[in-house]
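Next up: some structures, all given as structure tokens.
Same chain, two partners: chain A is paired with chain B first, then with chain C.
The block that comes next holds the complex of A and B.
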């Protein structure tokens, strides 16, 4: 502590170390949050359902997605990344997950929403197994923090079925 | 700064930074604003820097007793009485020497010697 430079260096190092601890505490405080999200997806229409030139089935859907994810936001949340995946089983794959829509929710105010949309990404099967297929639509979310650990969870909504014949 | 002042500066810095950090985290959590936590802590770091880093007078309350100047004068450093060995411009002047002087460059012409100075 005998010179200006020595004291300035010691102070800066200690301040940055303490900042690291503060960020760790902020991240740990996220564990205290017990969220209660809710969501609902309605398939309004199957726009078309074809077998592509390469032999793979493809579906185009229009959905109504409504959700209340406000309880997932904490003081240490930067944004929420959500996506909807269609999940089903085929003879060749035990589990298929196809992402059909996603969004970034930047703040708590935007977390309670309702959207009418067609699928943002193509719903294509590996093969032609989709006729009459029963599938789940699962809403996944990733809570991205300002500092620290990211949490991810999901909500499964079962009971959707594709038509038996191509349209 | 004296020794006591240095210790005070170090302790003050650590206590102040920790205190501001605790206040910042608590306030940020209760209000629900990460931004506020960072602002309070940054303000605390600046304040701590202003108080502990510059050499304020209150850090020098127990000054060290350095040796008195009159003591030093009683034991002066020895004067230099020889020619300096620098290779700058050399002047040659006549100089009469006795044998008890320190070595000089000599030219052997009668009893007139030449002294290189400079």
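The block that comes next holds the complex of A and C.
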């Protein structure tokens, strides 16, 4: 009952249990945080708007994205993955979500930012429904913890509209 | 002055001490059997009994582990409720060797979720993020496009030939939680299977040779 094997086994089991418990507590502490993020997106220019050879509409746009996401960071946050998605409805699709830009925010200091950028990913529709289309730009953020539960939320900014004609 | 006698003990006999609570099973049995005049060899039958007990214990441990695993599969709704991150395509968020906890709920897939999917004809599940969703009216059937955070291009090159989108049938679950580093054990055991055999035989040996 007091051999090295037993002691090593007991010690290891105890250590693993304590570690698992600590990870769970760290994750639970994230619930204490009540964040108050803010963001604003301005579309500066529609660079071009064409029907592509594969038959689908495509848009290229330049945006100003500014946000303050510092309140989302806790001591258990490893990084924040944020992305901007254009969300709209078409006659065939009840919901379309197309990510046009994303970024990884590694720390609280980087969480308050302003960026002038064109869309990182191609904004392509399933079809030709984008002329004159009204859409939302939604800023989503996914909190990736050091350990434990991941959670996500978003800020919907409605009221953007694409031009009525191709250009 | 009251002197405390420790009763003498040997394999076959115990000077009866009503105050001593612990007595080896072997010794009681021997005592009663010799008192009853039976001529059973006590040592041999005890050894058989002990090995049978060890076997049953081993069986209990294995089936308990199996029950817990199957229970997890039922609760999370995924075939494999825990997966190990094998590649660096989701860095810096998920490193190789981290484990992810999966859950599959009836909620529709939305952009930004981290999903685990199998490509048709592929056997290794891939863990990437959804970047596009196109959901049909009425039927709510959705086309999904994914991309690893650390990759420059989307996953279309990974999909089967001619396949542009993922469907619900390809998706095994959503990642809802994660633990760092724990998955390295699995990676080592997969890449060097000899470690797996050594570990399992060590475990079996430990259980069989343990005295309780």
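Assume the second predicted complex is superposed on the first by the 164 of 167 C-alpha atoms of A that agree within 3 Å, B and C clash if a C-alpha of one lies under 4 Å from a C-alpha of the other, contacts with A are read in each partner's own complex, and residues count from 1 in each chain.
The definition used in the following text is that a residue touches a chain if its C-beta (ideal position, glycine included) is under 8 Å from a C-beta of that chain, and two chains touch if they have at least 3 such contacts.
Please read these numbers as outputs of a predicted model, since none were measured by experiment.
K.L.:
Return fit or clash for chain B versus chain C, each positioned on chain A through the superposition.
P.N.:
Aligned on chain A, chain C fits beside chain B.
K.L.:
Quick check for you: in the superposed arrangement, does A:98 touch first (chain B), second (chain C), both or neither?
P.N.:
second
K.L.:
Is A:106 touching the first partner chain B, the second partner chain C, both, or neither of them?
P.N.:
A:106 sits against chain C, while chain B stays out of touch.
K.L.:
Touching A:146, do we find chain B (first), chain C (second), both, or neither?
P.N.:
In the superposition, A:146 contacts both chain B and chain C.
K.L.:
Would you check which partner chain A:29 touches, where first means chain B only, second means chain C only, and both and neither mean what they say?
P.N.:
A:29 contacts chain B only, not chain C.
K.L.:
For A:79, decide between first (touching chain B), second (touching chain C), both and neither.
P.N.:
second
K.L.:
Touching A:15 in the superposition: chain B (first), chain C (second), both, neither?
P.N.:
Once the two structures are laid over each other on A, A:15 reaches chain B alone.
K.L.:
Can you tell me whether chain B or chain C touches more residues on chain A?
P.N.:
C
K.L.:
Looking at A:4, would you say it contacts chain B, chain C, both, or neither? Reply first, second, both or neither.
P.N.:
In the superposed model, A:4 contacts chain B only, not chain C.
K.L.:
For the combined overlay, can you note the least CA distance between chain B and chain C, rounded to whole Å?
P.N.:
Once the two complexes are overlaid, chain B and chain C approach no closer than 10 Å between C-alpha atoms.
K.L.:
Could you tell me which stretches of chain A are touched by chain B in one complex and by chain C in the other?
P.N.:
On chain A, the residues that contact chain B in one structure and chain C in the other are 1, 146.
K.L.:
Which of the residues in chain B end up touching chain A in this complex?
P.N.:
Chain B residues touching chain A: 1, 6-7, 9-10, 13-14, 17-18, 21, 24-25, 28-29, 31-34, 37, 41, 45, 48-49, 52-55.
K.L.:
Write out the stretch or stretches of chain A touching chain B in their complex.
P.N.:
Touch residues, chain A against chain B: 1-2, 4, 7-8, 10-11, 14-15, 18-19, 21-22, 25-26, 29, 74-76, 146.
K.L.:
Within the complex, which stretch of chain A touches chain C?
P.N.:
The touching residues are 1, 5, 9, 23, 27, 78-79, 81, 83, 85, 91-99, 102, 104, 106, 121, 126, 140, 142, 144-150, 152, 154.
K.L.:
Which part of chain C faces chain A closely enough to touch in the complex?
P.N.:
By the definition above, chain C touches chain A via 92-94, 110-114, 129, 131-138, 140, 143, 149, 154, 175-180, 206, 211-212.
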